[in-house]
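Labels for the chains are A, B, C and D, by order of writing; each one numbers its residues from 1.
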Amino acid sequence: MSTDPNPSPVRLKAVAGHGQPDPSPELEQLYRGFERELLVPLWTEIGDLMPVQPKSKAAPHLWRWERLKELAAQAGRIVPVGRGGERRAIALANPSLGGKPYATPTLWAAIQYLMPGEDAPEHRHTQHAFRFVVEGEGVWTVVNGDPVRMSRGDFLPQSGWNWHAHHNAAKEPMAWIDGLDIPFAYYTESQFFEFGRESISPAERTTPERSRAERLWGHPGLRPVSKPDATPASPLLAYRWVDTDRALADQLALEEEGDAATLSPGHAAVRFTNPTSGGDVLPTIRAEMHRVRAGARTLTRREVGSSVFQVFDGSGTVTVGERRWSVARGDLFVVPSWVPFTAQAATSEHLDLFRFGDAPIFEALHAQRVRIGD
Amino acid sequence: MSTDPNPSPVRLKAVAGHGQPDPSPELEQLYRGFERELLVPLWTEIGDLMPVQPKSKAAPHLWRWERLKELAAQAGRIVPVGRGGERRAIALANPSLGGKPYATPTLWAAIQYLMPGEDAPEHRHTQHAFRFVVEGEGVWTVVNGDPVRMSRGDFLPQSGWNWHAHHNAAKEPMAWIDGLDIPFAYYTESQFFEFGRESISPAERTTPERSRAERLWGHPGLRPVSKPDATPASPLLAYRWVDTDRALADQLALEEEGDAATLSPGHAAVRFTNPTSGGDVLPTIRAEMHRVRAGARTLTRREVGSSVFQVFDGSGTVTVGERRWSVARGDLFVVPSWVPFTAQAATSEHLDLFRFGDAPIFEALHAQRVRIGD
Amino acid sequence: MSTDPNPSPVRLKAVAGHGQPDPSPELEQLYRGFERELLVPLWTEIGDLMPVQPKSKAAPHLWRWERLKELAAQAGRIVPVGRGGERRAIALANPSLGGKPYATPTLWAAIQYLMPGEDAPEHRHTQHAFRFVVEGEGVWTVVNGDPVRMSRGDFLPQSGWNWHAHHNAAKEPMAWIDGLDIPFAYYTESQFFEFGRESISPAERTTPERSRAERLWGHPGLRPVSKPDATPASPLLAYRWVDTDRALADQLALEEEGDAATLSPGHAAVRFTNPTSGGDVLPTIRAEMHRVRAGARTLTRREVGSSVFQVFDGSGTVTVGERRWSVARGDLFVVPSWVPFTAQAATSEHLDLFRFGDAPIFEALHAQRVRIGD
Amino acid sequence: MSTDPNPSPVRLKAVAGHGQPDPSPELEQLYRGFERELLVPLWTEIGDLMPVQPKSKAAPHLWRWERLKELAAQAGRIVPVGRGGERRAIALANPSLGGKPYATPTLWAAIQYLMPGEDAPEHRHTQHAFRFVVEGEGVWTVVNGDPVRMSRGDFLPQSGWNWHAHHNAAKEPMAWIDGLDIPFAYYTESQFFEFGRESISPAERTTPERSRAERLWGHPGLRPVSKPDATPASPLLAYRWVDTDRALADQLALEEEGDAATLSPGHAAVRFTNPTSGGDVLPTIRAEMHRVRAGARTLTRREVGSSVFQVFDGSGTVTVGERRWSVARGDLFVVPSWVPFTAQAATSEHLDLFRFGDAPIFEALHAQRVRIGD
């Protein structure tokens, strides 16, 4: 209005309702006073702000891998990678989060794509990240000078404030998934970012089978005595598929032998952990690989906090709240906070699901709740 | 539009700029594909999402206590307290947060007001809360059946999932400040709420000088052996002004005697802690009382995360980023993340500042940063 | 023997018995071989080394305060205090520990005695210590330059590697109890010691009511923000009787009002804690004050690890394993590991028991066990 | 003496000396009083009890593997294994510890020997244990029903209060090393013991290549989600030589490439850790494998607490305080508390040293000190 050069962002309307004061001229006058003073009463907001249980603003949603790859390949042809844009990464935007590049209120999930011979320039940021490779190979991520191979099935944590760049040493493009806590850091306003060198050195372009991090930290139950301290995030820069696969197969075999190794019949799962603490691999992100035996179904699970899943292998059906999808390799979907989730493997093949979520935030703050069962 | 029955919330525009791909028909086509598939590229968002350092969406802002009290008193006359609305609480709405009742992105701060003889009904919620009393007395908060007196200068933590109600046993209205982590819990979708009894019992209407919690936990350095475990939040339900005041006076006296007791010359501060752990009083909220000696000035401080201050006593000048205010008893102001803050006491009297903030979240997640100095 | 210039300390004898090999010449020859090579078989030792439950080498024993004071006063007349001997401290020697100055296998307990005007010179050591004052006043302990008053009922922790001296500023001698982990440190060979200044400064001879440590740390639930870190031992150098007494009285009053505040009916107890962590006041020593209501009796308790008790006030009967004593002010007794203990107050007055023990060692190593009940 | 039916174990003698009171009849009378009352003054004991730094009662000592094996084999022929004696284990008795079966004041080290087809019966105890295999194979340890293979180079932790038995499934006898905290538990009187079944089941006599524990926990950086809690000791029951060897080789290779992977030039070391916490494999015992490159020498190291070493491979020279020995495969030696230690590999081959020690005790109690350098 022309008479209000500096209107308040607060807008209050007296309405009738349970717990609401009766509308009246005095109430309207009070609400105008609140608006002028930038105040909002609890009684008009409590239903939304303090629900009986989490009602996620995010929606369950599925993205098909084939469509993501096509668009990423198209971007590979016309969008260069370089300083400023930093990465050819294309994020999942939950349909209920206003077009923002958030898979869930706290998590970022993107497909990143690198053409043969391309580099993504060095930078660092306090946001915690990881890569997960659903297919392909040929890219190395250089972390503080340590080149780390990326191949199908590998999980590569990238904890905050470490320098990193990527280079594609192969003849083919490569796509993979990036997961980060960008929305959480954005919302809580806790992020720092720094640009690094424009180009990595020739020595960093080597393509070793194992990174230095793996040679130091990749031995089961062993730690280098020269690196004694516990660190908030994992110093191990790659968790290889050969290990993950074997661990899952071992759990299912143990179950068949009568041992309590699985989460429920036919449902094996491993968590990627920080070997210096035994805790989650990153302070804000939990990452796991799940395997559902052919024909089996997981227990229904609700938990505080959200997750993103990617089908790594096999096929089946997943149910997220009211939604149900048949899924296949590469498909990504989100499970919002406190929405029930279950997965059913096809009868002919097992279903491998990579999952990451924000559970460490809630565990650190003693706010975690889980409910299992239908 | 009639031709788009289910429009995507994603809207992308090709623009020229550092790190941006050159606008072209192919790029527009790519962006339409992103929109259809609910995808957002990093390169258009990175400047906003991943700044070099936190750029808070919240603004520094000051609310005058006199105006808050007037409006609260007006609400006292026309807005009843009862089930559904739950509390006569009126929240500070940061002018840059879209009219939402958030003092900062993570913190709720409200004035609550209770008329003589009034009750606020029992409920519980996982959000962590506290009361702080800048003036007045006469209300008791009943926590799990334990009546806790509220008087000027007292700090009363109310950790999540404990039943609580209020009743005003005095002849006068009473106003105080509620602080909660409502915005954080709302954003991270981790909240639970339960209604309690409509009315507390006669035994709960007693008005003891000390609560049972204080009789168990309010003795310096002593814990009841019958309650051995560490709990995530403090079991002590009231921190009395007589203790806080003495602790601050002791620090300034020690400084005068030549001991390193203060944060900087003339700047004493105590933190309210959980006696079972020595850590913060609540898992998500830090609360402190600061005293600046007459004529003294605190060091400038920037930190990750936001705070709300209330002037408890005295007067002076506070500087928050580009804003500066003269402040007096009861005034409330916010310091957004990474915005520099300093306080200067008047030359004639000390300045007592109550402060609460979200630092425990960042410390738990290893994301805390502090920079001290101008 | 002249034929054995370097005899082995190992001596083995073949004996018949359950689990023992049959005596034979070959066995004797084998045992001679073991002796030569400094070897001892498990099978001859296992009954002693690995009992079904702890069988303490220490005996329950009681020392009468009147006798201790008489001897300490006698020592006050003829044994000077000074460098080399360091302290006029006289330790309880458990009758089953070979005449060593150990109250229990891990704990040292001594009466210390200082004549009017006397000083005990400054030193520091890694052994953790405390003072407890059953009667009298007039001595100040100077810890890192901070004079700390010692009066009846006060508990004064003295954590390892802090400089400390004592001076008697009164006209009367004063006696008190020292507790340390000397035997534990001796056995585990982990101790360091350093001599300090020959004499403390005049400023250190002042006799303030409250120490600087108390002024910084003695406020319930409050910590100085200028001292943020958790420390392994308490920075609070005195726990005053007025607080301890009130906490115990509060527990018994709460019990009368129907609240679960005591360990069992009529048995109140507080633990002295480190305000920076909520844990035990010293890394190796737990200290508590217990009050048994007139006519009440504690539950029988067995626990791994040993304790020393001193009667602070009142009278009653204590039972330690097979031993039972009527006790009065100042009497000291030991409860060895896993020996059942119970205390019964006289019908006419409550019984206040100061207790210290080695439980933190076992809790830190996950070896603690407690059994409650008769 | 006939005049002293119940002589005191305390014996005091007045002697002249620094810090000692002058001998006199009064002093003698005082000392007689002390003896009668079971008291010992600090001033006569302080030099021994509170040394400037640890003066270990244990001596550096070396046991030759060939001699141990001969005696163990001799025992194998004439000492049966069974209930009561429990194990054919023969312990190192430090020559300065009075013939007791203690390698150091806190540590037990023994050679255990099992004939073909023999069983050692099931039991459990709170003492923490491990096996280390310097040569041979064929024995399986059955832990809570899980058969665990034992082969050269393997380290097998056996944390307290787990049922365990051994059976030799091979045609040859087998010897290995047991390490336990028996002396520490004995001294601190914290031990429990329980006999198990007389005989293990046929299913437990199987000889799987990998134990169930390894199949659940033996994958680098991965934990089974079905077993979420941190446990005080490692759930991984075998650390295989193939992993340990590779980790050491990796460190030396990284060092050659210019990375900081070793403790000092030519000195690689790995620590066996609890994958649920990243900490030591057992609450009271640290275990490590060290490799010194041919011709290299470790830095001289002193630390609080004691260690036992066994040469796993190669040869060289070790120096422990004033003692120096040439060592070869299987030789065992002890390094007492605060005694300097260094190892030098032969010029022709590297030196692999298995080491276990009591450092976790001191770290848990904040009493650890290390000094590195000559």
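We take it that a residue touches a chain if its C-beta (ideal position, glycine included) is under 8 Å from a C-beta of that chain, and two chains touch if they have at least 3 such contacts.
Since the model is a prediction, treat every value here as computed from it, not as a measurement.
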Just give me the whole-number Å value for how far the CA centre of chain A lies from that of chain C. 52
What's the distance between the Cα centroids of chain B and chain C, rounded to whole Å? 44
Among chain A residues, those touching two or more other chains are none
If every chain is a node and each touching pair gets an edge, what shape is that graph: line, ring, star, complete or other? ring
Touching pairs of chains, all of them, please. A-B, A-D, B-C, C-D
Given the complex with chain A, which residues does chain B contribute to the contact? 8-11, 17-21, 24, 26-27, 30, 33-34, 37-43, 45-46, 49-58, 61, 63, 67-68, 70-71, 74-75, 77-80, 82-101, 105-106, 110, 125-127, 160, 182, 184-194, 232-233, 283-284, 304-306, 336-338, 358, 360-362, 364-367, 369
Residues of chain A touching chain D in their complex? 212, 215-226, 230, 234, 236, 239, 243-244, 246-247, 250-251, 253-254, 259-263, 269-278, 281, 288, 290
